[in-house]
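Below you'll find the structures, each written out as C-alpha cells.
Next, two complexes with chain A in common: one pairs it with chain B, the other with chain C.
This part shows the complex of A and B:
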C-alpha cells in the first residue's frame, strides 16, 4: 500500500467529512461550531452532510476526485496507471474546486454567462473554510505524487511536493491578487470590462501631466514619484559609498562604530523620522525659528513637499546603500590596487581607474535599492508631502478617502508596479551579464590601500555632518516621548508612556490598561507567527533552488523573488480586491496579515538560505542519500542543522519587518486585529505625537533586544561549522527592500 | 453561613451558565461604526458593560460601510450602523437597506435629529451634528501681524496669502461639504468665484478633512477650514487655537444611525439604538474629545463647543448635494476651474 497516497486520502476525507466546509463567521479560531448545530447546521456542516441533506449539490463531483486514488493505492509506483489516476484526480479536483468556488458566490452565479446557461441557481455559498482548505491540499499532493511517479526530478515525492506547494502558494498569494488587481483596473463603474476605460484612467493628466515644466502647477504623480526616486537612489548611493569608504579605507579605528548604523532603518517604525523633521524644519520648527531669528528672515514652509521627503528618505535609506556597498568595497582585492601602484599610478589614479570601476555592480545595486525603497515609501510622503503627491500616498487615498475608487487605486498601483518591475529587471540584467570577480581563492595577501586625501577629507566631513544629523534626529525622537506637548510645552513627563503602557496589578492579576497594549500584543503575536513560517517557506525554496535541478527553475526563482519588487501599497490593494469575497474570504482576519508578511518577506528567507546553502558541500547530502536516507530525511537531519545561522537570520528579519511594516498593513488591519504601526498612524492623525513617539521608542527597544539576542544566538551557532562571518548582515540588503 | 450558601449557589449557577453558555448561542450584536476609532470603541465597550451583549465591531468609513451593506444585502451580517456623515445613511434608507424604527427616546431629541429621521422614512436618525467653520492659531496670526478673521469673505484678503489650508474636496468629505456650503451660501456663480479667490491664499490642499486644523495647532499653518468640533478638539488639547463661526452663516453635517434590514439580532440592534440616544451615553463623547453637538437635548456639551442655536445655519439641502451626480458635477467643475489656477 502506498503510504503517501493514504496520508493525503485521509487528509482529504477529513476535510470533506469532518470539518466545516465553509468559512466560520466567528473567525478561524472559534470553536462555537462544535456546539452549535454541528454537523447538520448548514453554516457549520462538513461537505458530506451538506450533500446528504440535498444542499450544495455542486460539491458532489469533488467526492469522485477524492476517492479515485483508492483504485490505485495498492499498485506499484512505476505502474503507469498509478501516476495517471493520481494526476487526473489531483489536477481535475483542484480545477473543479476552484472553478465552483469562483463561479458560485454569495449571490448565486457570479457571472452573467453562467446565469444565462444554467438559469437561476436559487442557492449561494460563502468562502472556503477548513474543509475546503484540507481537500485542496490533498488534491495538490495527489497531483505532485502523480507527477513524481512519472519520474520527474528522479521521482522524488518530497521534492516534487515542495515545488508544487511553493508554486501553489506563490500563485495564490502573489500572482492571483496582482492579476485580480489588473482586472479591476479594466472595469468601469458598472463593472463592465473595457480597455478604453483603462486607457483613459491610465493616461490621466493627474498621473502623467507635465505642467510643472511650464507653469506653477504641479506635475503628474508618476513624474513626482519617478524624479524623487531617481534623486534618492543617486544620493543614497553617493552617501553610502562615502560611509563605506570611511568604514573600510580610512584607517580610522573608530570606523567600526558606523556598522550599527545599518540596523537603524530596519528597526525604525515609519513616520517618526518625518515627525522629527517637521519639528526641526517645519514652519515652527526649532531650526527654522533659529535661522529666521538669526538672519531676520520670514520662516517658510519649504520643507513640505519634495525637499522634506527627500531629507527623510535620505536619512532612512542611506544605511541600506551603506550596507550593500560595504560588502563590495571590502570585496575588492587589495592585490589589484597594489599592482596598479607598482605600475607607478598615484593613489588618486588607482582609486579612479581601478577601485571605482570595480565597485560598479555594487553601485548599481545600491542605486536600485534606493530607487525601489523610495517608490514604495509611504510614511514619509504622508507626513511631509504637502502638495507634492506621490504614487504610494495617492493609492492609499484613492481607497480610504471620500473617493473610495478601487479602480483608480488599481491603475495607480499598476503604474507603480511598472516602475519597480522595470528597476528590478534592470538590476537582474545588469548583475547577470557582467563579472567583476576579484576574489579568486588564490593567495590574497595585502591590506586595503588608504584613500587619497582629496577623497578622504570630503568624506570625513560628510560622514561627520551626516552622523551628527542622524544622532540629533534620533535624539529628538527619544526626547519627544518624554515631553508634555512636543513642539509647544517641553515639561518633562511620563504621561505618554502611562497612557500607552499602563499596567495595574491587583488581587485579580495583571491588568493591561494602557491603550497601546492591544495592538502591541497583536503585533507581537502576528510577527511571531509569521516569522517561522516565512523562514520555513524561504528555506525550502532556497533548498529547491540550490540543490535540485528541474525544468523551469529560472521562472520559479523569478516568481519567488518577485514580491521583492512589489511595493506594499500595491500588495495591500491587491489583497483587498482578491480576498474580500468568496471563495477566499480573508479580509478582517489575522490570517491575512500573517499571509501578507510571509509573502512580502519570503525573499529574505530565500536569500539567506541560498547564501548559506551554497557553502555546504553537496557531498554531505550525497553521503546521507547513499546511506539510504530519503531527501526529506536528508533535508531534516543534515541540511537544517547546518543552516542554523541562516534560519535565525531569516527569523529575525521577518519578525522585525513584520513589526515595522505599514504600507500593506494599513489596508489589512481591522478592529480586532490592529497592528502597532496602524495604531501609531492613528495617533499621528489625531495630533497625539507624544504617544506615537513613545510607542515608537518602545518598539525600537523591543526590536533592538530581539536583534541583539538573535545575534548572540547566531554567534554561537557558528562554532558548529565554518561559515562566512556576519551572515546576518549579508541577508540584510534583501531584508530592507521588503517594505 | 447564609451568605456562603448564596455565594456557592451563585457560583454553581455561573459555572453551569459558563458551561452551557457555549451551547446556547451568546447574545451578540454586530456593530458597524463610521466615527473616529476611539469613539467607536467607547460605544462598543459601553454597550457591552451596560447590557452584557457581546459586540463585534467593524470600523469603516461611511462610504465603505454603505458599499458593504449593498454587497451583503441578500445576507446581512451587520445589525446596527452608527456614526458617519448623514448622506450615506439617507441613501441606505432610500435603497431599502435599513429598517424603519421609531425609538421611544425620540421625545428627548433635538428637532434636527427628528427631521433627519423623517427625511429618511424613519430608517435613520440624527445622533450628532457639527457645523462647518474655521480655526486659527492665535500665536502664528499675531507673529505675522494678521487681522483676526470673522467671515468667509475675510479669507479672501490678500494678506492671508499662504496662510490658509483646506482639504481637497476630491479626497475629503469635509472639504466637499465646504464646497457645497459655499455654493449654497453665495449661489453657484459667486460661490465658485469665492473658491477661486480662496485658492490664491491656500498653502496646501490636504488629503484628510481635519488635517488643516491639526497643522495650525502645531504652528505649521495659520488658518484651517474644518468642522468646528475638530477645531475645538485641538483647543481642548492645549493648542492655541481659536474657533470661528463665519458671520455669513454656514453649513453642517448630521451624523446618522440606522438598523440594518434583515439583521440577525434585531432586538439587540433596537436596544443599542435606544441606548445610544440616552443623554448620559451621548455625554461620554467628551471623553474621546468628540465635540459635536449631540442629538439628546440633555446631553452635556463642552463649554468650548460652539452652540448650534447661536449659529446662523443655512438650510443645507442634503438630498441634492448628497446625490452622486451633483457631487461629481461640482467636483469636476472645481477640478477644471479652480484647482488648475496658478497660486
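This part shows the complex of A and C:
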C-alpha cells in the first residue's frame, strides 16, 4: 500500500467529513463551533453533512476526486495508471474546488453568464474554511505525488511535493492578489473592462505631470518618488561606503563600534526616524526653536516635504547600505591590494585602480537596494510628507481617504510596482552574475591595506558627524517619550508610559489597563505565529533552490524572491482587493496579517537558508542518500540539525520584521486585530507624539532584547561541541534588506 | 582487521552505451560501455574533467544517465535514484555528519533501512572494529584525525554490505605517508571481503597499486582498459603511455615486420631495434620509451644516439636527466646516483631491453 497516498487520503477525508467546510466567523482559533450545533448546523457542518442534508449539492463531485486514488493505492508507483489517476484526481479536484468557490459566492452565482446558463441558484456560500483548506491540500499533494510517479526529479515525492506546495502558496498569496489588482485597474466604475480607462488613469497628470519644472505647481507623484529614490539610493551608497571603509580599512581600534549600527534598521520601525526628525526640526522642534531664537527667524515648516523625507530615509537606510558594503569591502582579498603595492602602486593608486573597481558591482547593488527601499517606504513619507506626495502614501490615501477609489489605488500601485520591479530585475540580471568577490577561502592571507589619507580623513569627518547625528536622533526617541508636550512643556513625566502601558493588579489577576496593551499583545501573537511559518517556508524553498535541480528552477527562484520587490503598500492594496470576498475571505482576520507577514518576509528566510545551506558540503546529503535515506529523511536528519543557527536567525528576523512592518499592515488591520505600528501611526495622526514615541521606544527595546538573546544563543551554539561553526549570523546581512 | 560479521553481496556493474549530457551541450560522459566483475577492484583513472567522477556518480545514482542503461548484478538500475540502489560511497571529503557521533554516523544507514536498534548497534560496532576504530564510537568526527575520519567513512559504507562500494578520490585529503598505508588497508579489506569496488583517482601510482583493472578515461570516453601491467607495458596510444608513467615519444619508421615471431625492425636515426610488433605493419609509427628504460652511456659507446645533457637533478634515490638529441628533448632517470653526467656532458643514449613500446603514428 502506498503510504503517501494513504496520508493525503486521510487528510482529505478529515477535511471533507470532520471539519467545518466554511470559514468560521469567530475566527480560525475559536472552537465554539464544536459545542454549537456541530456537525449539523449548516454554518459549522463538514461538507459531508451538508450533502446529507441536501444542501450545497455542488460540492458532491469533490467526493469523487477525493476517493478516486483508492483505486490505485495498492498499485506500484511505476504503474502508469497510478500516476494517471493521481494526477487527474488531484488536478481536476483542485480545479473544481477553486471553480466552484469562485463561481458561487454570497449572492449565489458570481457571474451573469453562469446565472443565464444554470438559472437561479437559490443558495449561497461563504469562504473556504478548515475543511476546504484540508481538501485542497490533499488534492495538491495527490497531484504532486502523481507527477513524481512519472519520474519527475527522479520520482522524489518529497521534493516534488515541496515544489508544488511552494508554487501553490506563492501563486495564491502573491501572484493571485497582484493579478487581481491589475484586473481591477482595468475596470471602470461600472466594473466593465476597458483599456481606455486604464490608460487615462495610468497617464494621469497627477502621476506624471511635470509642472514643477515650469511653474510652482507640484510635479506628479511618480516623479516625486523617482527623484527621491534616486537621491536616497546615491547618498546611502556613498555614506554606506564611507562607513564600510572606516569599519574595515581604517586600522582604527574603535572601528568595531560601528558594527552595532547595522542592527538599527532591523529593530527600528520605519517611521520612528521620521518622528525624531519632527522632534528636532519640526515647527516646535528643538533645533528649529534654537535657531529661531538665535537669529530671530520665523520658524518654518521646511522639513515637511522632500528635505525631511530625505533626511529620515538616509538615516533609516544608510545602515543597510553599510551592511551590504561591509561584505563587499571585506570580500576583496587583501592579496589583491598587496599585489598592487608590490607592483609599485601607491596607496592612493591602489585604492583608485584596484579596490574601487572591484567594489563596483557591490556599489551598484547598494544603490538599487536604497532605491527600492526609498520607493517602498511608507512610514516616513506619511509622517513627514506634507505636500510632497509620493506613490506609497498616495496609494494609502486613495483607499482610506474620502475617495475610497480602489481603481486609482490599483493604478498607483502598478506604477510603483513597475519602478521597484525594474530595479529588482536590473539588480538580478545585471548584477546577479557579476561578482568580483576575490577572496577564495584558503591561502588568502594578508592584512587589509589601510586607506590612503586623502580618502580616510574625509571619511572620518563624515562618520563622526553622521554617528553623532544618529545618536542624537535615537536619544530624541528615548527622551521624547518622557516629555510632557514637546516644544511647549519640557517637564519630565511618565505620563505617556502610564497611559500606554499601565498595569493594575486586582482580584481578577493582572489588569492590562494601558491603551497600548491590546495592540502590543496582538502584535506579539501575530508576529510569533508568522515567524515559524516564514522560517519553514523560507528554508524549504532555500533547500529546493540550493540542493535540487528541476526544470523551471530559474522561474521558481524569481517567483519566490519577487515579493522582495513588491512594496508593502502594493501588497496591502492587492490583499484587500483579492481577499475581501469568498472563496478566500480573509480581510479583518488575524490570518490575513499572518499571511501577509509570511509572504512579505519569506525572502528573508530564503536568503538565510541559502546562505547557510551553500556552506554545507553537498556530499553530506549525497552520503545520506547513498546510505539509503530518502530526501525527506536527509532533509530532516542531516540538513535541518546542521542549520540550527540559520533557523534561529530566520525565526528572529521574521519575528522582528513582523513587529516593525507598517506598509502592508496599515491596510489589513481591523479593530479586533490592531497592530502596534498602526496604533502608533494613529497616535501620530492625532498629534499625540508623546504616546507614539513612548510606544516606539518600548518596541525598540523589546526587539533589541530579542535580537540580543538570539545573538547569545547563536554564539553559544557556535561554541558548543555539537554544531558546525560558521553558519551563524550570515543570515543577518540580507535579512534586513527591503521592507 | 579480519573479524567479519560483514558479508559481501558483491555484484557486477555494467554500463551499456551510457552518456551524460548536462544542459544541452556539455557532454560529461559519451557512450561509455564497461563491465566491472563481482569482487573486482576497478579504478577509473584520468585527468580532471575526463568524466571519471560523473561515471562514478552515475553508478551511485547521484547523477542520472542521459541515455544508455546501467546494470548492477542482473538488475537494470538506470532509473533508480541513489536511495534505492544497493551502493555505498566513500566521499572525497568523507562527508561525515558533523552533528552525529562516530557510532551514529556508522549506524545511520542501518537505522534508515529500518533495522532494529540492538542489531544496528552490533553491526555498527562491528564496522568500527573492522576498520580498527573500536572505542572511538562516542567521539565526534571533528575530534578524529584525517586518517581516522577516512576509516569511519569506509566503515559507514561497509556496514550496509553494499553490492558495490564506490571510492571518490579517497586519499586526496591525506598526507603522502598516510596515503600508502590507507590505500593498502582499502585493498586488504576489499580482498578479504570480496567486495566489488569502483575507485576514482587521478593519481596513476595509486591506481597501479590498488587495482585489479584500470579504466583510463579521456574526454568523456574510455581510452583504454586493462590490468595495471597491460596499461604500463602495452599502452594503446600515446595518451595512455604518457599518462601512466611518463613516456618519451618519438617518430620512427618500421622497416619490416616478422609475422611469425611477432617482432618488428625499427630504425631510428641509424640505430636499429627489434621489438614486439603489436600487430603493426611497416611504415611510420611512434615509439614510447619510459624514462627509466633509457640508459646514458659514455659518448664512445656504440649502438646509442648522441646527445647532450642539459639538465641534471639529484632527487635522492635516483638521478633525473634532460637530454637534448636530434629527435628532441628526452627525459631519463637513472638509479645510478654514483655516476653523474653533469649538464653539458656529451652522452650516448641507449634503449634498455623491454623498454620501448610501438604505438601507431
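Simple rule for what comes next: the second predicted complex is superposed on the first by the 713 of 739 C-alpha atoms of A that agree within 3 Å, B and C clash if a C-alpha of one lies under 4 Å from a C-alpha of the other, contacts with A are read in each partner's own complex, and residues count from 1 in each chain.
Just so it is clear, a residue touches a chain if its C-beta (ideal position, glycine included) is under 8 Å from a C-beta of that chain, and two chains touch if they have at least 3 such contacts.
Keep in mind it's a predicted model, so treat the numbers as computed, not measured.
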Dominant toucher of chain A (residue count), chain B or chain C: B
Touched partner set for A:682, first chain B, second chain C, both or neither: first
Partner chain(s) touched by A:638 [first = chain B, second = chain C, both, neither]: second
Touched partner set for A:377, first chain B, second chain C, both or neither: neither
First, second, both or neither for A:627, with chain B first and chain C second: second
Partner chain(s) touched by A:393 [first = chain B, second = chain C, both, neither]: first
Touching partner for A:585 - first (chain B), second (chain C), both, neither: neither
Doubly contacted residues of chain A, that is, touched by chain B and again by chain C: none
Contact footprint of chain A on chain B as seen in their complex: 22-23, 25, 36-37, 40-41, 57-59, 61, 63-64, 67, 71-72, 74-75, 77, 140, 162, 170-173, 176, 203-205, 207-208, 211, 214, 217-221, 234, 237-239, 340, 342-343
Chain A residues within the chain C interface of the complex: 151, 154-156, 617, 619-620, 622-631, 633, 637-638, 641-642, 721-724
Residues of chain C that touch chain A when the two form their complex: 60-62, 64, 79, 81-83, 85, 87-89, 91-93, 95-99, 108-109, 112-113, 140, 153, 156-157, 160, 166
Sites on chain A touched by chain B in the complex: 25, 32, 35-36, 106-107, 124, 215-217, 278, 282-284, 301, 304, 386-387, 393, 397, 400-404, 485, 487-489, 581, 588, 670-671, 682, 685-687
